[in-house]
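Heads up, the next two complexes both have chain A, just with different partners, chain B and then chain C.
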Partner chain A sequence: MTRRRRERAAVPDPAAFPTRSYDLVKEFTIALVVVALLTAALAAVFSSPDDRPVTLASWSRADGADFTATAAAELGGTSGTAEYGPPYNHTPGAAQKLGPLGLQSAAGVRIPIDTAEDFVLRPLADAPQPPVVRVALAAWAAAPAARQQAWTKAYSDALAKAPGGDPAKVTGGGFGPVPVLVARLLDMARSGALDGQLQAEGKFYETDYTRPLLFLSDGSYLETLARAQHLGGDQWGMMNETGDYPGQAWLWLYTFWYQIEPFKSSGNADALIWGLMALLSLGLMLLPFIPGLRSIPRWTRVHRLIWRSYHRTADQPEGRDNSPG
Partner chain B sequence: MTAPHEPASRGWTGAVRRRAVAALPPDKLLPDTQPAYMASWIYVFGVLTLSSLVVVLATGGVLALKGPAWWHVSDAGKYVNSLHLWSVELFMFFMVIHLWGKFFMAAWRGRRALTWITGVVCFLTSIGTAFTGYLVQQNFDSQWIAGQAKDGLNSVGIGAFFNVLDFGQMLMWHIVLLPFVLGLLTAWHILLVRLRGIVPPIGAADPAHGSPAASAPLPAEGEAP
Partner chain C sequence: MAVTGMPRGHALAAPVDLNGTGHYVHWGVIQLSVANLVVIGVMVVVFVLALLLPFPGGRR
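Presenting the complex of A and B:
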């Protein structure tokens, strides 16, 4: 047993083997030329995708109803971002957990976002407004939180019932200043002013798109466009890109878990899948030390194919091969 | 130690040089021969991976020279962006074949575990680099990918520090930090390959001894150095 084990284990020094001449620099140079030509050809034939980004202006012009419903939800604190939890805000129970491990909460609220203030009220207050909007802003600010909530809830419900979600066809009342504020925000968005306002926040240079992107993601317009491009989470979207391009095909395993149970319907899917992928990556890294897995190459004998020219000579009866069976 | 006829070189610099030359003398760093068993097309995929990495860095360099807005408005820019995209696809494709080849060769044997590990870290770093690349395209894809990816990263607390919605931060990761790390890892990986030499076939006997049993006690299969 020990002798056999040792035979298997013995990995001789490569320098002890017969050699042949091998030109590494020439091999690399040829490979580089081949890859460069192949890349040039693929790029010429297939090009690359570059679909225009969605702006708050293009969204509000294309789907004013969706924009209005989203703006009302941001104001009322019921949008996806408003109820997201860390790192954007404190929403009890919103953070995902990996078993007992609450990493999302532990990281804390580091990118604080108050959707009513940041997405609706401040952009309105920062721009010159007609008297009716100034009055509406003052009415909102003077009302207690419970009243504000009642207004936005009533308006959101009414929008949902209106044909096509059209604000012009809303019936009923009890909305307070909400319709005026949201309609004005829609106007600003359509004029393109809101894009600048959300990004700049009084600065000149801007490289952080967190706020406008979160606002966009809260609506359903972006997702509708994405689904039409097979980019939905349940459409293997994480590894796809727009058009018929290969995308990030190497994310297939990560994407795969989202397609099956128990992940598919779990509220903790993201955390669970991240945990699982971290474990699998660690496993791949430490594969040389994992009994069983590290022996698969020897069992599968693909290596006999790879090294068949070696075995052709070494396996002669007088050869000195001790390849274990 | 210094060779007898060589004047002893002093100080830290001398020590580093002595150690570097002892570990990888020029004819081991760039040998013009290889063991005869290194005869299979699978060996080409390491070099192909390296070559495509060079093309990725060069095309990315041109995009950087002209700035992030250029390729959206210029036909030449669009072509350079396509070169960058397709060289990445080739790079990842070659790397995955390289990975599976090394797996079926159990190429971590004989004190080569660190070569395997640096390889896996190269793979993971490349995935991160490609991902941040998708985030900084400034198009619909970036918007959608950022919106989706934030949930995964936030769920394990990473999103609080690594904000995929922050274009400036992602651009820095993509064109500075990650390529730098990947470059270092790749250099380390390849120096390790040269240091240990190409792994002999599974079950190969030591030609110098005639019988593997005669070889000195050696680490168990896959054992670390």
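Presenting the complex of A and C:
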């Protein structure tokens, strides 16, 4: 206690230090101009990533088998989106938890998506269709849920066994109207109509890509493209870029946790890492109150490097000069 | 130099084209792009310079 009092007494009064004028507006203006010039120069020299967009049309043209298998899964409600849970649907047990806290469920279903209805049936129903497709839509609507599930399961299994997943080489039966519906959806996707259907928001400018992107991400085509560009989630950084463009590397800590156990293999990784980062952020905010950690600046003595000119003279017994570095 | 076959907008293309195959560093659990590594290096250099460069107007 006595020692602490002595240390406190040794701290000089800040008001006793000499002062000098400092133009904050001038510094802000200089920083703004420098950053603006730097941004313009770097943009002129390096430009920006210029990859062709991946759309439902480009996917269905490049890999019709993958599109067909994904469409069958969307229709049967067995795709990744169909079983994701909140914010898209109420799949039991799908939501991530942080201990007893169901964070994902707490946010609720804010973007309700019924993959069969939204990705397959409504786009087909909203477009002019030949009689065979209209009959297939009516047959699907009239069938009980269990039969619909049996049709899509049988067709998905048959597609998995067909050489190259080619719908033309599927053998067997018991698929109901599924092959007709999925084949017509493939045609619509190849024509580009499905991209427009899934984006339709009733606004002049269509900016919501949630539905087409979810449909795309349920297939393996987009993931294959992403992995080829090291964008499969195993590269450090929150949002990495294509080619040799840098991303947000300074967000490395958030993605670091995904690379190590127990987070790497956990089904609750998102919730656990969010909780961990919230805890670490809280620690950073409360740093001045945490014994030991708050003393790191005094141990590292970086401040003496910044204010080295002051300390050079202040540490001498005489001839004190208080001007900063 | 033949103009035929040039991509549209080539005349306005950036002098340094970073599109194409990226370069990556893979070391244990660490996998990051060379581009990100360069940005991290620049950030470290700027930090060290901020520590070491004399404060403007400091020597009066």
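The rule is simple: the second predicted complex is superposed on the first by the 268 of 325 C-alpha atoms of A that agree within 3 Å, B and C clash if a C-alpha of one lies under 4 Å from a C-alpha of the other, contacts with A are read in each partner's own complex, and residues count from 1 in each chain.
As a convention for this text, contacts are C-beta pairs under 8 Å (C-beta built on N, C-alpha and C of every residue); 3 or more make two chains touch, one makes a residue touch a chain.
Everything quoted here is computed from the prediction, not taken from an experiment.
Looking at the shared chain after the overlay, A:Trp250 reaches both chain B and chain C. In the superposed model, A:Pro49 lies in contact with both chain B and chain C. Of the two partner chains placed by superposition, chain B and chain C are both touched by A:Gly237.
Ranking chain B and chain C by residues of chain A touched puts B first. When the shared chain is aligned, chain B and chain C each come close enough to touch A:Val302. Applying the stated contact rule after C-alpha superposition, one finds that A:Ile260 touches chain C and leaves chain B untouched. Residue contacts after overlaying the shared chain place A:Leu38 against chain B, while chain C stays out of touching range.
Overlaid on A, the two complexes show chain B and chain C touching the same residues of chain A, namely 44, 46-47, 49-51, 237, 241-242, 245-246, 249-250, 302, 306, 309, 323-324. Those residues of chain C whose C-beta lies close enough to touch chain A in the complex are 13-24, 29-40, 43, 51-52, 54-55, 58-60. Only residues 3, 5-25, 27-28, 31-32, 34-36, 38-40, 42-44, 46-54, 84, 86-87, 95-96, 98, 103-104, 106-111, 207-210, 213-214, 216-217, 222, 225-226, 231, 233, 237-238, 241-242, 245-246, 248-251, 268, 270-271, 273-275, 281, 284-289, 294-298, 300, 302-303, 306-311, 314, 320-324 of chain A touch chain B when the two sit together in their complex. Listing the residues of chain B that touch chain A in their complex gives 30-40, 42, 44, 47-48, 50-52, 54-55, 59, 71-72, 78-79, 81-83, 85-87, 89-90, 92, 96, 101, 103-106, 108-111, 113, 116-117, 120-121, 124, 127, 130-131, 134, 137-149, 151-152, 154-161, 163, 165-169, 171, 196-213, 215, 217-224. Listed in rising order, the residues of chain A touching chain C in the complex are 44-47, 49-51, 229-230, 234-237, 240-247, 249-250, 252, 256, 259-260, 302, 305-306, 309, 323-325.
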